[in-house]
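Here come two complexes built around chain A, the first alongside chain B, the second alongside chain C.
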Partner chain A sequence: MIKQPFSSLLISAALAGSLLVSTPGTLYAADKVIKIGALFPMSGPGSYFGAQDKQGIELAIEQINKTGINGYKLEVQFEDSSCSPLPATQAAKRLLEQYKPNVVIGEECSDATLAIMPLMEQAKIPFLNAGSSSIKVTEPGNPWTFRIMPNEVMQGVDIATNAYKKLNARTAVLLYENTNAGIGNAKVFSDTFTKLGGKILADIGFGRDVNDFTSIATRIAGVGKVDVIPTYTLEGQGLKITQALAQAGVTKGGGGQSIQLGTIWLPFGFEQKAGKASLGYVRIVQFDPTDKREIVRGFGQAFKAKYNQDPTHINAHAYDQIILIADVVRRGAKDAQSIRDGLAATKAFSGVTGSVEFDKTNQNIKMDTIHYMETLPDLSWKALGWN
Partner chain B sequence: MSNPEIAEQPITSMANSILTSRRFWLILAAIVISLLPMIFTDSYWRTNLIVCAINVMLAIGLDFIIGYAGQLNLGQSAFYGIGAYVSTLLITKLGVPFWIAFGCGVLLSGIAGMLLSLFGVRLRGHYLAIASLGFAVITYQILLNWISLTQGPLGIYAIPPPPALRLAGLPIIEFSNLANLFYLTAGFALLIYVLLDQLVRSPIGETLTAIREDEVSAASLGINCQKWKVFAFAIGSSIAGAAGCFYASFVGTLVPDAFFITESFTILAMVIVGGMGTLIGPVFGAILLTVLPELLRGIGDLRLIVYGVAVTLVVLFMPGGMVQAARLTAARVRRVVRGAGTEATT
Partner chain C sequence: MLTVLLQQGINGIVVGSLYVLVALGLTLIYGVLVQINFAHADIVTLGAFAAYFFTHAFGGSYLASIGIALVVGGALGWLINAAIFAPLRDRGSELLPLIATIGVSIMLQNAMLAWFGPIPYAFDTPYSEHVIRIGSTFFTVQSVLIIIVSTTTIGLLYAFMKFTFLGKALRAVSQDRETAGLMGINPNYLIMLTFVIASALAGMGGALLGPVLVMTPFAGTSVIVKAFAIVIIGGFGNVEGTIIAGLLVGLIESYTTQFLDPGLIDIVVFALLLLMLAVRPTGLIAEKREENV
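And then the complex of A and B:
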């Protein structure tokens, strides 16, 4: 029972509001329940992750609970972890103490994920992550944290190798936000690309508070022939960078020759927002909507029916988190320990983003979750099929 | 004894003297602090209690600078960050014991505050606000970009809690225990409050208030305004540094984003909502603005909207903050009670 620390008119009003607490999901009196805690950024600059994650999760829960799994229904409670360590810690503790989940999914931002991990380990609750790329999440390994998403090393090595071998790129300019994930991804690209024989012409990091990329684009225009520009940033700055590079005549979207390389971080619909500036943009996504597998087509149709829009890769990886948990429950898991063990034993699970099989650090080793896309003149995508 | 009015007077005056006694309220605050972890037994609410204690330090430190010395400081997040990073780097890189690192964090934050005020000593109002905001931005950029020292956005993880306290004849007090960590941080917050309360009631407080009200008049009375402004900044920024030291050892993770300039505005909001220049007001402001978003988690996506509306309403209808609202309410209640008493007599 939570007691009020003090009373005042304002607090009373706030409490009256908080009495409207939405019960997590629907209560299933007749069924056994697997409780899933969901920690996602619902506020702040990363809130677009949380909104899309929620859609994917709710769709998966709805589908699974139509029949249940081994007599279990899934129930989810969302908490806003705000992409930042302290709010994430508060949200995680609230979940653990008050909701008492059997498994927790989230966060998207590496800083927040890294702050949550020790709490989950201490509480012995499995923590399934799908969106944080920092290598530290699974290195040296935490028995309670699992990651579906390829880590920064896997992504960076893959992008650099494909840039060198498939795009015949020999020169690159690195553009990245000064965050854990931005610096990590850029470093791996740089190391791999130079090892293959490529050359980094400029290495440009910037804070999340930078709003104007004109000077950076002008600088890139002056460094000589640039084949590729790997860019590691969230959507807001990503749009401004893409438009600034096109205006400076650097990238194909502005009549130049450089190809911008993008990351998993950008949501679907980025091209429509960036417009012609994104022409020729090659980026990796966790979900290929042109994938012919039955599960992908079914997901796409169900998502469209429920939300009247096409799914994004964030919707998809959130959906996969739930169906992976459902798969583990189907294999006999019923509590935190058995869900952890079931996740660790996962082999050849096939989700909408790709396959999942965890190594001894609980990192998914399957690379078919990375899909390469190229933006066409009509702003649609062409799947490059490189993995 | 037969006249009840005569008997009531000493009781009323005794009650009044108790209620206006600072010692009474401090003892009550200490009792409340000691009881809170027993009431809130889960780690979530104990975590929030610690955040409250840290925010109280930040708010009263800023209130001393803004509310008493009248210096519009928007750089509190920088001093908070300096305290956190200095203590953490000393502990993790040089193996310096926590309490020495804590002292260094507090000291360097205070020095940073003094330096800022020395540079901004001729600035007032909005100009000082912009200068201090600039200082916060510069500090944030240093924390973010001096990666070889601060790890920048890569962050510092697994920062240990303060070391256990071993007192002869007593059980070991582990600060990995949230209740103990709350007692430590809240105890510090109370100690700082008591010291500041003494300070603002001393001639120093009167001097600062004189500078706040009219700097030219204060100077004409022989007050060295520059010296006292530097003093106020040093004290307020040291307190923010202390809060930073506790923050790092409590969260265990340090990234520059925790000290972004928005943090300065959050602390300022705590001071304004509570009641600027009252010392007790920012305490309640800090508690309210820490607890309210957590209480509102139950309403999901609407949480921040309700929070924003609530804060706006406080500022609109209680421009003097919660303290002024409480005083007005108390005065009204007294008037109503007196009116009722007079009617009964007639």
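And then the complex of A and C:
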């Protein structure tokens, strides 16, 4: 038997004791804790979402836990749901069985969110979503799922209407990834645009494994005069599409006339990566960094101080998920059922992305979370102020 | 219509050339070792990142970065073979090295995720934004570079295999490893050489693919599935068949995009693969296994 000095035994015992009472976020046994499960893509093509979500969440938790809310502290556990149904289901089961959260937030990708929803409903755990746009998330309505992001119908109708009325677009080519969100968003745009009198010249869906978009850009170059190209895809493919369209001389960035229309899915900094190909790109974002509200300025400053970078809309909507939960706890919620009820009763909550008020399907009905931006020649943004 | 056909033909040949570069390494390893290397995709990705950091972090020229990626790929191939695959082969199991390639692949992907992060990189070169327009057709200088480098590499590889002593020795090992050993050829040395050449090709392919790919730690995975299909369509272990199949798949992709739907690309390519397996399982260039590589 190896003899151990008594002093080292004492140190070991003290360390073991401290491990028993401490949890992430320097919580102590005396603290009451709201356990938040976080399902985000940490691997695969959507992992840029997860990395940015984590930053926003950790900042919010840090700020809230400085004082706590009604004697509660917030604690979060992340699981990798990979932006895809199967890993999302596995991660959700792991979270429910092992962590036993009071509330779950996530995912970004609609297919993954739709896969998680039945598990949360079965476990009666409120599930708060900020990044999935598929209408199926809130239609016909799930008592346990809430969404603060505008759904694909709200986004699609708004983009198509503004394309027709503000940009005077009469022809469009649809470009979208073959996922629930991609197909759904493109369909809503198509329905609204054609109802207004516009014409869809081509409807092009593609898999997430497509890398080279030169062939697609060639096809678009051959369909005639295209006014707008609504594009529904993740950042990586979005970059390649924008560059290929410019190389083919289709969009303004390549000397053409077409305007690419983008979605909330793309992060800030997209224009800098795409370069001059993104000139004239009009897209919606969920967070306006030029917003003068105190909460936005405070968030921007705190984010910059913590991470030495400006926040993106993904950082922002992740931050909003946490401060909305904190708001519900402040109103008296303390377990899964009361958090669900508190979320449903939310009225005029003001977050950094905009305001939140849920309808009977638990969809946020406020449209001030949609902000239109246009890319200028120096790759900066001009807020178009359409909403 | 003729312009569209020509333009999509150019697009298909460019993409096909990239597929050939990736698939050649796979087919070389299979030809010599009768082994599938699942980590090949990740060496492609590492080659792309090596070229990216050489140009963006150290200010090196893009052309030099292709050479750097080739060296990084070759060195990685040597290291992986020496540290993992060779010891497992020595145990006499065919299955262990195969499983190890999957392990190495997952390990490399996660190491890259930790080092480079999940956010896609924009790998712009001086050649990718420079567009040449002739009539109604267009192509980037990067596309021209891809075709030149691919053609030169294929030519050099062909000459190496056909006319050099090492190339002939490699073919001997692929035909009969034991007999080649009895003739004084060191099979282990030549297996190592195969891994180095195949990985160097993958690294170089990565440098050329970087500006085309959605560059994340998982970038190579999206290409490797097609590369496997190309190797099977061309005839496992057959270099000439791989070249023809690679260009064919590139052309199928661009014409499917134009005349059908890009969402159908995988269906068309893999339907061709199944057809080949059913009708001509030896691949496009049907040779006896002994004559491959």
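Heads up, the rule we're going with is that the second predicted complex is superposed on the first by the 362 of 387 C-alpha atoms of A that agree within 3 Å, B and C clash if a C-alpha of one lies under 4 Å from a C-alpha of the other, contacts with A are read in each partner's own complex, and residues count from 1 in each chain.
Everything that follows uses one rule, which is that a residue touches a chain if its C-beta (ideal position, glycine included) is under 8 Å from a C-beta of that chain, and two chains touch if they have at least 3 such contacts.
Here the structure is a predicted model, which is why all the values come from computation and not from measurement.
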item	value
First (chain B), second (chain C), both or neither touched by A:216	second
Chain B versus chain C as contact partner of A:43, first or second or both or neither	both
Partner chain in contact with A:309 - chain B first, chain C second, else both or neither	neither
Partner chain in contact with A:178 - chain B first, chain C second, else both or neither	both
Partner chain in contact with A:89 - chain B first, chain C second, else both or neither	first
First (chain B), second (chain C), both or neither touched by A:239	second
First (chain B), second (chain C), both or neither touched by A:275	second
First (chain B), second (chain C), both or neither touched by A:301	neither
Which of chain B and chain C A:114 touches, first, second, both or neither	first
On chain A, the residue positions that both chain B and chain C contact, one per complex	42-43, 178, 205, 207-209
Chain A contact footprint on chain C (complex, rising order)	4, 7-8, 11-12, 14-15, 110, 113, 117-120, 122, 124, 128-129, 131, 133, 138, 140, 209, 212-216, 218-219, 222-223, 225, 253-254, 257-258, 261-263, 265-266
Chain B contact footprint on chain A (complex, rising order)	2-3, 5-6, 8, 10-11, 13-15, 17-22, 42-43, 78-80, 84-86, 89-91, 93-94, 96-98, 111, 114-115, 118, 136, 177-180, 182-184, 205, 207-209
In the complex with chain C, residue positions of chain A that touch it	42-45, 47-48, 50-51, 178, 204-212, 214-216, 218-219, 222, 235-237, 239-240, 243, 247-249, 254, 267, 273-277
Residues of chain B touching chain A in the complex	36, 39-40, 42-45, 47-48, 51-52, 141, 144-145, 147, 152-155, 157-158, 247, 251-253, 255, 257-258, 260, 284, 287-288, 291-292, 294-304, 306, 310, 313-314, 322
